[in-house]
Structure formats: structure tokens, C-alpha cells
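Next up: some structures, all given as C-alpha cells.
Common to both upcoming complexes is subunit A, partnered first by subunit B, then by subunit C.
Let's look at the complex of A and B:
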């Protein structure tokens, strides 16, 4: 008797919860985000997610989109792992019903997600961090965008940097995925063009405890420096420390995956004066300053890590496209993304969502001066961008200068 | 270079050996593959991190406390999980240990976060011996000495004490051991305690050589099993020997094949051993 009562009570509650959510909740507009909160890029994911949350806050404070509906972000942890990323994207598309996704960070995750989930499912994907050249030539029916420039540019800049630092020979150690391979190829091409010699190019598997054998191979022909393409937490820091400890290398060049202050902890004096590259804000507009101010108001101090600004921009631009399309359908968003932004449009700053809505209403084009500089997509969906060169000074990461595409 | 690789192999091998002893004993006495062993190792390393870095205790004290706490965790796992499933099929106990592994790993993630941690942030420059022939860090000497001391302690425990003899007897033949009046419940608790201490030591020494990450133990589980199987599962001395063989052959393999395939070496040895001599080098005939 008692059991039956409980069962009936539960059924009633279930019924109520269904009717309540159906009747009163106003439907939100959903955007999925694929951010790694664990795995190799865990030290970035938390902050890039904050970037997307800040965009959400600004949009919702200024009346939401598509006739006053709220923007809702649904995040899935990719674990910086292709399999988990694909599973997560499937969940976003089929269970949460999103038609637009910001993510993933790692090219090794973004490419399988695009190929097996978002492109076939007609879902728009904007990656704020995937820099692999492979993404440019992907068969994507125009559904894949990114708010960072391709690594064919970063590779060129890194290759030139090595040559400008008067290194004659270079060993490259790269993480064994699309990001590492793409960048490795681009660096070698440029460095050899400038007359340098690459003595070794070695792929490494992430998350091992020791990279001493890889380092021993790389150091065999005594190259002048090590160019390291890695992420901080799944091998990068270990490789740097073991290279120093065992005296394999004294000179390093780093890439964007290592632009985090964690790499110097405890080894400041050895890394003093080393250089690195990373995609950076395009010159023009006051987006970066404004973004730093708004971010610090909301979340506290902003770390010197890349892709926080581009994550904000990816979210903002997706919202612009939805507003322009007047719809949350994938194909409509894709077409609107190509139409809404223009180099000579009316300037919209990152905190001017209302102004952007008015401009779209009036049918005008927008020049979005985003957190990472003006955002413009070329015809393959890549952002026109700039590569910054950074340097380690007193254990801190300092931006040095800019190379524009 | 060959000498250097050999040395690296001995260091890695002695860490694997410490972990494999417990794994082998548990298999011998409780008859199931303990998949949470790697994560127990991670937990031990993080306990030491808690005491050494977060609470600022000296290293030796952190080591002892972490080992004791890990032993306690192992006993607790047995008490609330494995003991109840013991009467079922050993496959069920094994699967439950996979579950325990996931729980431990995620608790570590929850408390200490996903990023790499270090006992000491600063790096240590190696001592260079014989004109650059051999580089060894002070830490690595400490690791070798500690591992050797622990192995000797295990040997004395197993061969000289009553409890150690009972353990070996049970691993050889449970029914016979019971007939001779050995209190099996007590032996099981002692086995867990000893495995806990050894596996914590393995984790701490591994992290001491490199760094801490929540997946460090899980990634080492395959070499642990390979070492236990190579030495003959159920035989603690076999596990020590197997650990060294696996460690050395993993490192030496890089002379011939790309370093990226190192983990495959342990796996290959394990498969070959299972085909050629399933009872292992020092195990009894099945």
C-alpha cells in the first residue's frame, strides 16, 4: 500500500515537471561549446570557456537574440581527446539540439568532430583555436569556420624566427596529431627555404612519464635549438624539464600550445630570453583592451594564454549570424555568417550587441572589431589573422611583435 | 648511450617492480586481476603531494604517511567492495576493480585538478660520470636506493615472518593453507596493506623522477601486468625480476625502434610470454 502511494506521488511529480517546463519556460537559443576541462589542453579550457560565457552575458544583458530569447551555452568536456570530443558533439547535436558549436580547441579533436558529426549534420562549427592547415582544405560544405589563422602562417613565422635567431640547425619535436604534424611540416618548409637544416623531426605520444628517449634521438646530431610543438599538460612541460635536466638542449623555440606561464615555473633562469609564436589579435580597433577590461571585471585577472579572446569572438559572431538569419537552422546560420561581416561595414564593438541588432534590422553590414581584433572570414572560413612573437622575460611571457598575413 | 638507456631502464624497472609485487600477490591470493592498482599508485603519489607540498612536511614523513594512507585505502576497498564480491565469479570482482579505478582517478581529478604537479618545482642538474657517458640525477640515486631497500624489506617480510610465510602459502595453495590453520581473512588484510604500501612507494618514486598527473598510474598499468605475468603471476620474486626486465627492455628498445612505440614493447613481451610459457618465468605450472 505504502509503495503504491510513493509510486503515484512520483508519477504526479513527473507529470507536473513536464507540464511546468512545457508551459512556462520560454525557449532559449542554444549554442554548444566543446571545451577541454581535462586532458592536454585543460590549462586553456577553463579560460576559453570563460570567454564564451562573457559573450553570453553581454548578449543576454542587452536583450538576448531572435526577438528577446535568451542565449544558452551547453558545454561538453572534450578531454582533449578525439573520441570524447566526437561523443560530446553527438550529444550536443542529438540530445541538446544545437545547430551551432564553438570548439573544439585542439585540431586533433575539431577535425574528427567536423567530419563525423557537424558537417553531415549541417551544424555550423567555429573553432577558436584549431590552427591546423588541414582544416583549410577540409570538405566541409562551408560549415566549418575558425577565428584563428591557419598554421601555414604560424609555421612560416616560426621558421623565419629560427632563421633570424641565427640557428643553422634545428630539431623539431611535435605532438602526434593534426596540429603537431601540420605545424611541423610548415616550420620545416620555411626553415629549409631560409637555408637551415632540420636534423630531426620526432613525433611524441602525449601523457607519457618520460620523454628521455625522444630527446636523446632529437639531440643526436647536436642541433642548435629545439623547436617544440606541444601542449603544456600532456607532455610539453615534461619535455622542457627533461631536456634541461639531462642537458640535451639549452635553446628552445615554442609554439602557441606552450604560451602559458606554467612552462617556466621552477626553470625560469634556463628559459630566460627564449622565443615563441602564437596567433594574436589583428591590429585595428580597441577590442583587445575592452575585452581585457570586461573579462577582469567578471572573472578576475586574465592569464597570458591564447584563444580566450577568439572564443569570445566565435560565440559573438555565431549570435550575430543567428540574428541575421532570423533562425537557428544550420544552413541559414552558415549563409548568414558569410554575409553579415564586412571589412567596410559599420563598426561594432564587443559590448555593443544592441547596436549590432539594430544594424542587422536595418540590413546594414557590420565590421565587428572583436576581442581578437577585426574578425573577417576568407572564402574557406579561416579568419584573417596575425601571428605574434612572444618572449620569456623574468619568468613571464611578454608579447614582442606582430607578423600580419 | 647504451649504458645510459640501461640505467634509465633500471630506474623505470625498479618502479614497475614495486607496483608489480602487490599486483602479483593479490592475484595469487585473491585470484583476480586488480585493475585499480595503477590508480592506487596515483593516489599514493598525490597523498605524498598533499603532505609534502600542501602541508609542507619533510619528504620522508610525507612518504611514510602517504604509504600508510594508501594501505588504508586498499584495505577499505577490500572491506567495502571486493570482500562482498569474493564469492561470485572472479570476473565480477575484476570488473568492480575497474570501477574502483575510475572512482579513484576522478577523485584525484576533483581534489588536485587535471594539471601536472611537481614535488619540487625547480629542476635538478645531473651528475655527469665518465666524460658524459652517464648522467644521473641525485633524485634517481635516491629512487634506486629506496626501491632496493623496499625490495629487501619485502624479501625479509616474506621469508622471515610468520605472516609473510602464510602469505606465500596462501598464494601457493589456498585450501592447503586453510587446513593448516592459517587465518585467511587476516592474511588478506595484510596482503592489501603491503600492496598498498608498495604501490604508493612506486607512485611516489615515479612522480619524484618526473611529475604527477592523474593518469600516471593508469598509463603504467599495462607494464605492471606485463611484469607480473612475465615473472609468473602469484610469485613476488618473479614480479621483481619481471619489472626489471620490462623496464630495461622498454628503454633499450629505443635503440632499434622509434620511442613512440615503447609501450608496445611491454605488451609484446607479455603476449610472447603467454604463448610460450603461460606460467611465467618463476611461476608454478598451471
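Let's look at the complex of A and C:
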């Protein structure tokens, strides 16, 4: 009997929670967020979630949206896994009744969520972090957006950089995931277009002890430089050290994952003058500074992790679109997202929600100078982005210049 | 929250339960009846999913494809290729006892995942395959998921029937005997290796079909979907909770485990927003607690092995 009781209590609890969570909150406007709080990207998810919460706070402090209704964010943990992510998205849409979602982070979750839940359900999805080029070509009826540029943009800039540095041949070593692969393809395409030759393109599995065999293959035809696509904590540093130790390469180009002071520690003199690329805020506005200030006021020191600002922007932009549409229906939000933002609109900063509401009421276009720089979507729902070029000087990382899409 | 919304989620939830139930039925043949310790489910799941995706998609420059076969052919070929992989893997490994077979299969699942990750011409590598066609897409409007659920239920019913039929036959009796004591079965002159291999291959076939259904339902697969946690160990938990060697228990186990897995989200969702991060961790703990409660109370699983008498075998 005891067992049966426990089972029944469990079921009752489940159903109670269902009804209770639904009984709250009649008047709020809901946006769903799909952030990984457990699993592989858990260390990112809690901070990107903070980004969305900050946007919520600003909007609610300045009178909410759609005639004074409060914005409510409902988060579901994707567990950094497509099965759980898809289920969570469906929960948001069907149970919580959201028509707009911020998330997910990894492309491996975002794409199945879009294909099986949000696109068929006419729900707007804005990913703050999925950089896979597949998202660009997805058949999404215009429901999928992102506030980060596609990987192919950085690859193009890196390819140009290599050509500008007068390298004739290049070897590429990249981390074997969709991020690394996307960058690699774009680099090769651009570098070859500029007349260079890519002698080797080698994928590596993260966190191995030795990368000498990869390096040996890459150095085989004596290319002028190594373009390394990696993160600092998955083997990138090891590759740099071993390339220098064994003299495989003297010249390097790095990408955003390696834009960290650790890479030069102890090898400053050898990496002096090397270049790298990284997505950066679009020029114009003081969004990034303002965001750091507001974030630290609310949550304490901002960690050096990406996608916190883009998560903020995704939430803010969704609220703008809802306000513009005057509705919380998916198709209306989608159309409004394409209309509300404009490059030559009136400037709205990240803490000026009231001003934004007035502008929308007056029927004016908005230039939203977001936490990650001005946010503008192109016709496939990708964010226009800027790529920064950085250089190592005296062992420090210094920003050189910007390339805008 | 509307009634229609809850219903729509329920259908969605049941589809996932159904796909997991198919996996569990496959594992039940291997583990429950034949005693094979397969912890490489993710591998067969992936093979099935990728096979069906490649068979049914139109031409794509990114990966092998362009066969444009109908859905049902995709399912069938997915099962067959998965069975073939199991057969090839089984030849050298099936003689291994319990834990050794476990080690071999987990290695094989990992090899399969790495092949999928690296052989981009075949699978589009780490980027995965998108836009996998859904059967009869567009013909049911907003009731499409209901139709898909029916497909899943039909598949379960078919495999359930097959498995029950098999296990009640002399073939099934030999399998169970092997599980209990291999030497005795050898002594009565049965080819133990052949029977074990048959159970392994049949289970893999079922898993392949389940994988194919998963691929068509989510329309997108990438190596990220076939990590051991969600694709292998969850299925094991389902089998253990439901009760090994009981097909009905397998299905109930899938329902209950996935219910706990996702239902705890509702519980932790009631905590204030400020605790979201902690809530996610609490959810994982809750899953553990619920599973412990069930296992402490029913160490055999909710349903223990059915009594298969010789009378019931004689009837068939």
C-alpha cells in the first residue's frame, strides 16, 4: 500500500504543479527562454539567463508593455540536449502559451526546436548564441532570428586578414564541432578567392594531451602560417605551445575563442605581432558599456563569457516587436520584428524602454543600440555583425580595427 | 494555460514516451530476455536515425542522399542497417560475458558517434542533417502530431506483439534459459552463440526503427543528440524502472521515467524566477529521489517478469 500511496502522491503533485503554475499570472506578457542550466553549457546558461532577466527588469520598471502589462519570463532548462530542449520548447508553447522564445544556445538544440516546435507552431525564436550557418538556410517561414552573426562572417574576415598579411599558403586546424567547421569552410572559401592556397585543413578532437600528429600533417607542405580555430580550454593552448616547441609554425592567425590573455603566457616573444579575429559590437552607441554597468549593478561582476549581451538584446527586441505589433501572436511579432528596427531610425539605448514605447506609438522607426551594439536583422533573420581584428602587442591583446558586414 | 494547449503538449509528450518505449522494447529483448548487457544503445539509435534521414531526403550537397524514398522504406532500411551493424559487431563480441560485452558496446557506440562526426560526406559531420521530411506532412494541419503519435503507437503495438510472440515460443524459452544458465543450454545441444546473436540483432532492429522515428519527428539530427546520457542510460533506467523481462513494464517504465524527467520541470518551475539556476539543479536531484523511491520499493521494477508457463508456449 505504501508504494501505491507514494506513486499517487507523486502524480497528484505533478498535476497540482501543472494547475498551480497555470493559475498565476493572468495579465502578464510571456516570453519563453530556453537556457541550458545543466549539461555541457550550464556555465553559460545561468549568465545568459541573467541577461534576459536584466531586460525584463528594465522593461517592467518602465511601465511594462502592451498597455502596462508586466513582462514575464518563463525559463525551461534545455539540459544542453536536443531531446530535452525540444520537449521544453513544446512545454513553453503549449502549457505556458508563449509565442516568442529566446534560445537556445547551441545550434544542435536550436535547430530541432525550430523544426519540430516553433516553426510549425508559428512561434518566434531568437537565438542569442547559435552561430551555425545551417540556421541561415533553414526553411522557417521567417520565424527564426538570431542576435549573433553567422560563423561564415568571421571566417570571411579571417580569410581576408590572411590574404592582407601577404600569406600565400595557409594551414587550418579547427575544433571539430559546428562552430569550428563553419569557420573553417568560410576561411578556405575567402582565402582561395583571394588567390591563396590552403594546404591543409585538419579537425581536432578537444582535450587531447598531444596534438603533434595534427600539427605535423598541417605543416607538411610548409605553409606560411597556421590559422587556428579553437578555444583556450579545449586544446587551443596546447596546440600553440606544441607548434612553437617543435617549430612547426612561426606565424599564426587566431579566432575569437583564443582572444584571451592566457594564450601568450610564457611565449610572449614568439607570439608578438600575431593577429586574430573576433565578433564584436557593431560600431556606434555605448550599448556595451551601459550594459556592463547595469549588469554589475544587478548581478555583480560580469563574467568574461559571450552571449550575455546578445541574450539581453534578444529579449529587448522581442518586447519591442510585441509593442509594435500590439499583440502577442506569433505571426504579428514576426512581422513587427522586421519592421520596427531600422539603421537610420531614432536612437534607443538599452535603458530607454519608455522612449522606445513613445517612438513606436508615434509610428517611428527605431535604431536600437543594444548591449551587443546596434541590432539589425537582414532578410533571413540573421543579425548584421561586425568582426574585430586584434593583435598581440607586448604580450597583451589589443583591438586593431573593425570590419562591418 | 488552455485545455487545447495541455492536450497538445500531452500528445507531444506521448510521442517522446513512445519513441523511448520502442528503444526500451528493443533493449528488453536483449537485456530482459537474453541477458545481453548492451550499453551502446545510442549507437544503434544514431544508425537508425541517420539511415532513415539519408534514405528519405532529397538530394543535398552537404551529405550522402537524394534517394527520396518513402517514409516506410526509410523505417525499414533504418532497422535493417542497424541490425546489420549489430550483426557485424556481434560476430566478434557476442561471446563476451556480461560486463565485457557492456564495455565493447559502449566503445562501439562511441566509435559510431565519432564516425558520424567526422565522415562529413556521409552525415554532414558535426552540423547534422536538417529538414528530414515528415511523413504526410501538411495533410493534417494542426493535428499532425496526433497522426504522428498514431504512427508511434502502431509501431509499438507491432513490436510488442512480435516480442510477446517470440518470447512465448520455444525460441524465447531458449533465450531465457541462456540468461539463467548458459552451460545448461549448451549441455542440451543448443547453439548459444547463435541465439544470443539473434536477440542482439533483433533488439538492434527495433532500436534502429525507433531512431528513424525520432529523426522524422524532430526533423533534425546531429551527433549532439546521441550522447550516452539521454540516448543510452535513460533507456536503461526505463527498463529497470518498468521491470526487466516484461514488455508491458518496458512501456510503463518509459512513460514514468520520461514523465519524471520532464515533469520535475513543472515542480521546480514553481520556484521564484530568482532561483531558476538552483531550481535546475534541484530538478536533477528530484529525478534521483523519485527513481530511488521506486527502486527501493520495487527492486524488481514496477512489473516483474511474467510467468511464462510451458502451457502458454504449447498453445502457440
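Miscellaneous remarks
As a working rule, the second predicted complex is superposed on the first by the 237 of 405 C-alpha atoms of A that agree within 3 Å, B and C clash if a C-alpha of one lies under 4 Å from a C-alpha of the other, contacts with A are read in each partner's own complex, and residues count from 1 in each chain.
In this section, a residue touches a chain if its C-beta (ideal position, glycine included) is under 8 Å from a C-beta of that chain, and two chains touch if they have at least 3 such contacts.
For clarity, every value in this text was computed on a predicted model and none was experimentally measured.
Applying the stated contact rule after C-alpha superposition, one finds that A:266 touches subunit B and leaves subunit C untouched. Legend: residue contacts after superposition of the two complexes on their common chain; A:83 is shown touching subunit C, with no touch to subunit B. Greater residue coverage of subunit A by touch, when subunit B is weighed against subunit C, goes to C. Shared-chain residue A:120: touches subunit C; no touch with subunit B.
Residue contacts after overlaying the shared chain place A:306 against neither subunit B nor subunit C. Shared-chain residue A:73: touches subunit C; no touch with subunit B. By the touch criterion defined above, A:37 lies against subunit B and subunit C together after alignment on the C-alpha atoms of chain A. In the superposed pair of complexes, A:210 makes contact with subunit B only, with no contact to subunit C. In the superposed model, A:109 makes contact with subunit C only, not with subunit B.
When both complexes are overlaid on chain A, the residue A:176 reaches subunit B and subunit C alike.
On subunit A, the patch touched by subunit B and the patch touched by subunit C overlap at residues 37-38, 42, 176, 203, 205. Every residue of subunit C that touches subunit A in the complex is listed here, in rising order: 1-2, 5-6, 8-9, 12-13, 16, 114, 117-118, 120, 125-128, 130-131, 144, 217-225, 227, 229-231, 259, 261-263, 265-267, 269-270, 273, 276-277, 279-281, 283-284, 290, 293, 297-298.
By the touch criterion stated above, subunit A contacts subunit B in their complex at residues 37-39, 42-43, 176, 202-205, 207-214, 216-217, 232-233, 237-238, 241-242, 244-247, 262, 265-267, 270.
Considering their complex, residues 2-3, 6, 10, 13-14, 17-22, 37-38, 42, 45-46, 49, 53, 73-77, 79, 81-84, 86-88, 90-91, 93-97, 106-109, 111-112, 115-116, 120, 132-134, 138-139, 176-178, 180-182, 203, 205 of subunit A touch subunit C. Per the touch definition, subunit B reaches subunit A in the complex via residues 1, 4-5, 8, 12, 109, 113-116, 118, 120-126, 128, 135, 137, 206, 209-211, 213, 215-216, 219-220, 251, 254, 258-260, 262-263.
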